[in-house]
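Per-chain numbering from 1; labels A, B and C assigned in written order.
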Amino acid sequence: MPRRDFLKAAGAGVAGTALLGSTACDGFTPAVEGTSNSLVFSFGPDDSGVVQAVIDMFNKKMGGKITVEYREMPADTGQYFDKLRTEFQSGVVVNDVIGADVIWPAQLAANGWLEPLDELFTEEMQSDYISAPLDTGRYNDKIYSVPWYADAGMLYYRKDLLDKNGIKSPPKTWEELYDIGAKVAGAEGLGYGYVGQGAEYEGGVCNGCEFVWNGGGEIQDPKDLAKIVIDSPEAMAGLEAGQKVVSSGVAPVAFATFKELESLTVFLNQDAVFMRNWPFAYGGLADPALGTTFDPKKVYEQVLVTTLPVTEAGQENFACLGGWTFAINALSSKKEQAWEFIKFMITPEIRETFTIDRAAMPPERSFYEDKKLIKEQPLLEVAKDAIASTKPRPIHPYYSDMSLRMAESFNENIKSEISPQQAISTLQTQMQRIADTNVPNPNI
Amino acid sequence: MSVASDARPGERGSGDGFFARLRGDFANSERRTGYTMVSPSLLLILVIGAWPVIYAIWLSFQRVIAQETSFAGLDNYATMFSDPRFHSAVINTSIFTVLSVALEFVLGVGIALAINRGFRGQGATRAIALIPWAFPTVVSAIMWRLMYQQTGGIMQYIAEKIQLVSGPILASEQATLFAAVFVDVWKTTPFVALLLLAGLQVIPGDVYEAARVDGANALQQFKSVTLPLLKPAIVVALLFRTLDAWRVFDLFWAMSDRTVESLSTYVFKGVRISQTEFSLGDAAAVFIFVTSLVIAAFFIRGLGSQSAGEG
Amino acid sequence: MSGKSFESPWQRIAFFTLIALFIVMTLFPMLYVLKISVVTPEELGRAIPTLWPRDFDTTRAPYFFTAYETVFSDPIFKQALVNSVVVAGITTVICLIVGSVAAYALARINFVFRSSVQSLILAISFFPAVAIIAPLFLQFQTFGIIGTYWAMIIPDILFALPLTVFLLLAYFRELPAGLEEAAKVDGANIWQAFYKITIPLSAPGVVTTGMLTFIFAWNEFLFANTFALDETTQPVTVVIPQFATTYTTDFGAQAAAAVVVTAPLVALVLIFQRRIVSGLTAGAAK
């Protein structure tokens, strides 16, 4: 067989085995846009299958006028972002609608890769939204994304153990949390008073941001996004509380390597009093596949959820915003159809489907008041306060570079390798330098 | 590193000039074919190796942001040399290189001598020694990472039991660095041993016989016979290993979950992850290239002096 | 050298203890990872790790361990295996074609630049791959081949080539030149002598070389991590560390994936060990 034919055959074989729809590239040629009446929706893998089911509903409803293809992107969000970025840079249109992490819109919009949605996603439509998810979509006074679902850091606690040790209410301040955590862990023989995400990665950034905010500090000036303001006594107080997680002994040094799973595993092993985690962990409490040692029937009485503590009683508390949004590729030739699809995805019925079947927390307030829906998805009530207290990570075209710096400094702070003072002054310099880096001009 | 002899009887010694010999090559159809035969390889090396290096050097003097390129002079190098992350990359990589190469060498010599001794099961031992070498480095790193885990990791458990560490290995950059050295030693020592074994096996037995007759004991034999005759193999093994360790990427990346910096991870982060430090990463890549040349030159000179000494 | 006797039984015991220790140390991680892949998450989460597996995790399938089921039912992993085979396979084929011709010329033909060419090819194996990822990234982007197999195959060829050339060179040198000379006397040109006489005669060497080149390309990580953008082209080396969903890291599945990826390599190495050892050391000692 001539070599060219061999390569073709190999390519066909690969395309055949790719389970990623017709837009998947065959591995030998770069990816290209879908067919004329089909839209490509890019999003990470969805184990629940709900995303595909909803897309099928849309395609059926449209009766062939618009067909949406689900293009599975890498599960790792860093990789997903990297792939998007590279594809945009190469100027080939491979997707029309993008399921974008809340930290991306500014980064993508600054390069001119996203379509402004101000005329479509009207102020009136925005009125019911929680502000943090909306804010992440704004860049240079325009809105580039429509919130899909929201994540928030929440405090899970062992109600049963607190009761047993005579503690009436969950802690309001970090100081209280450490006291109670140490006391209850000691009395019950648990390894950890508190677990969260201390590792050097994006989740560690979220935990670190929460420490700063809950100390009363800010990272980015809310009025001037180009200004970094982390060098403040409040931020330092917050990071001091962060350092105490380990230095006070309430959590072992291993905390500095913990991501979501590690902390959840310890908690499911009934080896921790408190846990900071995302809403997804709530379902995990009763999930044998994750190795829970709780009795699924009783766990939701033993474990309750509240908002994160603050440095000093009375301060406003914040949770780091996570979650996903919809955005439209500026280069897409099917923007109208793309908007049709987004509109469908945010209709109340579809939002309810995602809420119930995927435990995805909606970004609109009214859902959290819907008694009927809460009955089907109790997490709504549980996560309500945390979601309402969300705050976005810095919104900047070079956020991912800022994130690398924060991940490093926050992690070093947890390990007491640097002092909180060093952490904030280092971050102030490094992040301001990144913020000052020329932002590309999309018009060139 | 011995090079194929260029001498053709009657030609090198005949005083013909270099160009005359070259002309001779092209007059001879067989030798002309020789050039044709090596040209695809040379072309590949030129296009995929040499040209990118030149391009990389040029890029290191540019500032590249979002596909916009502007001249930056020495800015990238200045920023790089003052970057604390680059400092820790240099320090980590140096520690890793010195420790892993030294340990692999010492253990490798020991294992090579043992296997060379000849015993029942020699073949099987040699085969087993090959296994870690065949593993993808990144998979070895993942395997060991599983064993270094705080929960359920057997290495962590053992290290704590014998009081080698007081906290979790993977939470400390330093401990992770030593853990990475350990993994590298596990993976590569057998290969170093096989390289040295090959060197040992060409040493004729009667040399030892002569030494023994002269009354040399085992240690003296090793120092006066084995080491000198093994030197070329040693230099080659050290050169391979040092350069390999100096450009370590997979192991650090996967073992430390991207947190412990090596020179190569510094390059990778700049080029592939950061949006503002592409040129910085490229400058570090040029740094690795130049330092690798220096290391190679150092070892090759060592080999050269050996050959000259043998005279 | 073989058969040298020990001076005392104690020396003998010490010697074999050391050899045994070496073998155990070499094999232990593989066996332990094998263990991780078959036990329950609960056993993995225990504070005191178990040495021998206790609770086998076969909950989801009665005949199969859960972690392996996870791995083999994952389209991403299966695709990654295909990708690894395609990338390593094509790299190997191209290296064998280009490399065997070059190795033959280096082994048989005396041309002026022979030693320089040989040194140059060898020098590539000392070349830090990371030095060229930045320019290659820009170039590949310009050519639009980022995220395709070619973006991995092209640099893989460069770094696998010295291995291929030097292994084949060693085999060709061992082959007596007499037969080729005879063929040439019969009127065959040098190309014909090469592919009609040398290649068939050195078939075992070519197979071993091909296998080692394949393993080399199979194990490559840096270029794959740099130039493959998603699961459609990422090989196993890139996918395994990310064997995780958005939030959770499944240790059992990672271990199972490591076992699946390395088991064939272990088998190949054990089957061909004699040839690999002679090939590698011959190549490296040059």
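Convention: contacts are C-beta pairs under 8 Å (C-beta built on N, C-alpha and C of every residue); 3 or more make two chains touch, one makes a residue touch a chain.
If you're wondering where the values come from, they're calculated on a predicted model, not measured in any experiment.
Judged by the touch criterion defined above, the protein chains are all mutually in contact, each touching every other. The pair with more inter-chain C-beta contacts, choosing from B-C and A-C, is B-C.
For the pair subunit A and subunit C, the distance between C-alpha centroids works out to 38 Å. We define each chain's centre as the mean of its Cα atoms; on that basis subunit B and subunit C are separated by 16 Å. Residue positions of subunit C touching 2 or more other chains: 44-45, 47. Residue positions of subunit A with contacts to 2 or more other chains are 82, 89, 262, 265.
Residue numbers of subunit B whose C-beta contacts span two or more other chains: 151, 272. By the touch criterion stated above, subunit C contacts subunit A in their complex at residues 40-42, 44-45, 47, 75-76, 78-79, 82-83, 86, 89-90, 141, 144-150, 229-233, 242, 244-249. In the complex of the two chains, the subunit B residues touching subunit C come out as 1-6, 8, 18, 21-22, 25, 30-31, 33-35, 37-38, 40-42, 44-45, 48-49, 51-53, 55-56, 59, 64, 111, 114, 116-119, 121-123, 125-144, 146-147, 149, 151-154, 157, 186, 190, 194-195, 197-199, 201, 205, 232-233, 236-237, 239-240, 243, 246-247, 249-250, 253-254, 263-264, 267-268, 271-272, 278, 281-282, 285-286, 288-289, 292, 296. Residues 65-68, 85, 150-151, 167-168, 170-172, 257-259, 269, 272-277 of subunit B are the ones touching subunit A in the complex. Taken in their complex, subunit A has these residues touching subunit B: 78, 82, 85, 89, 107, 111, 199-201, 252-257, 262, 265-266, 397-398, 400-401, 404, 408, 411, 415, 434, 437-438, 440, 444.
Touching subunit C in their complex are the following residues of subunit A: 7, 10, 13-14, 17-20, 24-25, 27-31, 44-45, 47, 72-77, 79, 82-83, 86-87, 89-90, 92, 191, 259-262, 264-265, 269, 278, 280, 289-291, 293.
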